[in-house]
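A quick write-up on the structure given underneath.
Labels for the chains are A, B and C, by order of writing; each one numbers its residues from 1.
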Amino acid sequence: MKTTAGRFFEDYRVGEIIPHAIPRTVGTGERALYHALYPARHALHSADSFAQSCGLPTSPLDDLVAFHVVFGKSVPDISLNAVANLGYAEARFHRPVWPNDTLTARSTVIGVKQNSNGKTGVVWVHTEGFNQHGDLVLDFKRWVMLRKGNLDAPAPEAVLPELTTVVPAADLKIPHGLDFSRYDTGLAGSTHTAADYEIGEKIDHVDGVTIEEAEHMLATRLWQNTAKVHFDATNRDDGRRLIYGGHVISMARALSYNGLANAQMIVAINGGAHANPCFAGDTVRAWSEVLDIAPTTAPNVAAIRLRLVATTGDSGAFPLRGEDGKYRSDVLLDLDYWALMPA
Amino acid sequence: MKTTAGRFFEDYRVGEIIPHAIPRTVGTGERALYHALYPARHALHSADSFAQSCGLPTSPLDDLVAFHVVFGKSVPDISLNAVANLGYAEARFHRPVWPNDTLTARSTVIGVKQNSNGKTGVVWVHTEGFNQHGDLVLDFKRWVMLRKGNLDAPAPEAVLPELTTVVPAADLKIPHGLDFSRYDTGLAGSTHTAADYEIGEKIDHVDGVTIEEAEHMLATRLWQNTAKVHFDATNRDDGRRLIYGGHVISMARALSYNGLANAQMIVAINGGAHANPCFAGDTVRAWSEVLDIAPTTAPNVAAIRLRLVATTGDSGAFPLRGEDGKYRSDVLLDLDYWALMPA
Amino acid sequence: MKTTAGRFFEDYRVGEIIPHAIPRTVGTGERALYHALYPARHALHSADSFAQSCGLPTSPLDDLVAFHVVFGKSVPDISLNAVANLGYAEARFHRPVWPNDTLTARSTVIGVKQNSNGKTGVVWVHTEGFNQHGDLVLDFKRWVMLRKGNLDAPAPEAVLPELTTVVPAADLKIPHGLDFSRYDTGLAGSTHTAADYEIGEKIDHVDGVTIEEAEHMLATRLWQNTAKVHFDATNRDDGRRLIYGGHVISMARALSYNGLANAQMIVAINGGAHANPCFAGDTVRAWSEVLDIAPTTAPNVAAIRLRLVATTGDSGAFPLRGEDGKYRSDVLLDLDYWALMPA
């Protein structure tokens, strides 16, 4: 067979390093598309001049571009045939991706556990993305449920990795040179800096965007994510395509500008749940909750930890979980991340 | 409140300068998207070599990119909650926008007038766009009808700005170095130069483009225009989104290539009316009328003043107004602009 | 008339050279869009670093970008009013198109033959695309059936060009410097090099992509192809737009990555048939057949000749022709091309 059917549960060994194919050069073309696909307005990713006033050499690509590209590279080797994407954790952004950087990725298997049904198992991987200098750009851990290809394959010894639920503020990587001492809140679009937010505060991001099939497919292809459920209408009786969860993340993050205009750079994703699938025709809204605020060592730069919730319902009602403790049916995404903001 | 609800009528004071947020770097990625979104074929914006043969250092971004970006920046401060965009005038293009330029914008309030109903009022602003060198790129005046947030707020003294209906030909800004002495009509795609057009002549641009929801949303986001009516299908009972008027302008202008291939650069927009709303599924056609032709001081460069009409009807019938003097229901746009063309 | 109605059969003379309008600068913006529009994953067009490891100065634009742009330039002069695009042959890619190259095109009439009905005729042209240095980038021959505008125009003397059905392997142009000696199959995504393929072998590319109206219009406009059938829903009773055949070529070629990941560069298209029209809503799949394998003079570089078939049916059943010898109704495209692959 010349084509790749994808790996099954029994094909993973703890400690194995899986290099992912297809390095990718990203640049200002990808930046323009990001602005066309999402209502992205954070100034640092919009204008070279603003990024330079913050101590950076030029405007980096949106942090989520790095996430999507690295994640997309891992799909054929990790999750092409996943029964379920169960979660991710400890995503750390080590340095910005600059226009014309070339990204490569690899994953290390850090855990396996066969399920009691004998037909499926969970695989944990540590995925790392590098630029053309070999510098680590991004890493994260994720776990997926996979079918066994050979039901007679013996169950491997269970290895469960230790995962932290929150990247400690002290471990966040601040981009080299970042300095918010001369930060222009007028140009950024909001006077609200970290000092103005309180832990527990909830923010309704107000606006909604109705998603079209063409848009999410353009986005998902742009990240070279080839999972067929996103593209092939014949996979479902209703002809709809399941929207890549990262599309919802980017949409919600962009919508969060209205209320969090100064949360400029994502430096960590502590975890996330895609509570319900998203389909074309859904109108996505978002709300955020401030989970923590911490100082950093960079001039006038604070870290703010946020819960970002995407919903097809009324974002002003801050929907999350029902009385049964389960996610409500109108919740798409529950993301926990750290961003950098003027103190 | 961390989110912006937008300003109301009583929040504007004549003379106030409102700096707009989110500077924006535009480049060849935005150019590529412009060519994907519109059937844009004017040679000067298509090829560096053609622009250089016209005395320019390289191919500038389409003039309407500058317009859309600067207009988009003004939306959150001026028209987020507008009851109606009533008009614009005196748009002058002062210098081209080059790839990698960063645009900023500000508006000055130049007029206010409360309506007799006491519930709404009209605000006039003068909006200016600048590049990263602080040079004026574009300015225009526009007026919008806004609700009062506080009905008890006293009516301000009415100030009505003087607006010219047509930018005089002598005031048009010719890009530095522009020279049509060696203009290649073969490469441009038409032998018809200014000398071949007559005032009063009407041109049917023949072709039609049916608009999809995904396309106009990609375009409108690209300009960071966040007016919710363009994106949120839940705003209307029929689930359709109101298409940004600028999308119709760019579509009609691009269609006008067929008949006006040598009308290379827009240097002024004298005024425009969005006669009827445009929705996905509409097939947009266009026709033009030559309103004036004038010499300029640049070598072999003439200015041509054009009426550009976009219609969902038969462009060959040159639809405009009915017997009652009102725009026909199949007219989307009536735009009056100056372009530069070989003499 | 200022607009172009297009040429009719009697307007072509054998030997006439027709320069095409609108030079076009293409760059990394077009590359980003290509990756958004198609599931393109061949490493050499994805990453500068990979292209450099293959002896090239940087990553060229996808070879089909050059084809689409040059083809698009020829449409207004050759096929705007074609009754049928009958075929193409001898497409040779002479050198890569690099970011920021500017392409121009011209066609030479090489054959004419009036049909026996006296109302239509066939015109053969040789179309050439050049970069800004005047170097030939691409050439191909194609033939179209055109209506006569004046039925009384005398039939021209029939001239039928000699066309080869296959570009001989020895005539293929290998990009300057191309060297697959240090080719990294891990980064490319497949260990299968030319030595692993056998003539007659068929490969199911497995994946399917459902096409949306917005996507094919974005693509077709990007190539400045203005044939109205692709854009104007009022042309057909069912409101659908006929999809540009080149969109199907690019989609199928991108899908062929899964099974032909190392077929990096297209160097010739021997011929192609668009067996059935493609419409939005169709789910496109693809399969390939190895037609030939040949050595080249470049280090470790082999040429592989492939049949690429796009289908709306089951690609795993390798549909092509029915018992009557005609293309099956579920076949969209039957393309014959040469690509370069590590030996």
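Here is the rule we go by: contacts are C-beta pairs under 8 Å (C-beta built on N, C-alpha and C of every residue); 3 or more make two chains touch, one makes a residue touch a chain.
These are the chains along with the protein names UniProt gives them: A, B, C = 2-methylfumaryl-CoA hydratase.
A quick note: this is a predicted structure, and the numbers were derived from the prediction, not measured.
Asker: Name the graph shape formed by the protein chains and their touching pairs; answer line, ring, star, complete or other.
Answerer: Per interface graph, the chains form a complete graph.
Asker: For copies chain A (2-methylfumaryl-CoA hydratase) and chain B (2-methylfumaryl-CoA hydratase), work out whether under half or over half of the interface numbers are shared, and give different or same accordingly.
Answerer: Chain A (2-methylfumaryl-CoA hydratase) vs chain B (2-methylfumaryl-CoA hydratase): different; shared/all numbers falls short of half.
Asker: Rounded to the nearest whole Å, what is the centre-to-centre distance of chain A (2-methylfumaryl-CoA hydratase) and chain B (2-methylfumaryl-CoA hydratase), using the mean of the C-alpha atoms as each centre?
Answerer: From the centre of chain A (2-methylfumaryl-CoA hydratase) to the centre of chain B (2-methylfumaryl-CoA hydratase) is 36 Å.
Asker: Which residues belonging to chain A (2-methylfumaryl-CoA hydratase) are in contact with no fewer than two other chains?
Answerer: 27-30, 32-33, 212-215
Asker: Report the residues of chain B (2-methylfumaryl-CoA hydratase) in contact with chain A (2-methylfumaryl-CoA hydratase) in the complex, numbered from low to high.
Answerer: Chain B (2-methylfumaryl-CoA hydratase) reaches chain A (2-methylfumaryl-CoA hydratase) through residues 2-4, 19, 21-30, 32-33, 76, 100, 102, 104, 132, 212-215, 217-219, 221-222, 224, 226, 228, 231-234, 239, 241.
Asker: Can you tell me which positions in chain B (2-methylfumaryl-CoA hydratase) touch chain C (2-methylfumaryl-CoA hydratase) when the two form their complex?
Answerer: That would be residues 27-33, 35-41, 43, 46-50, 59, 186-190, 192, 196-197, 203-210, 212-215, 258-261, 281, 283 of chain B (2-methylfumaryl-CoA hydratase).
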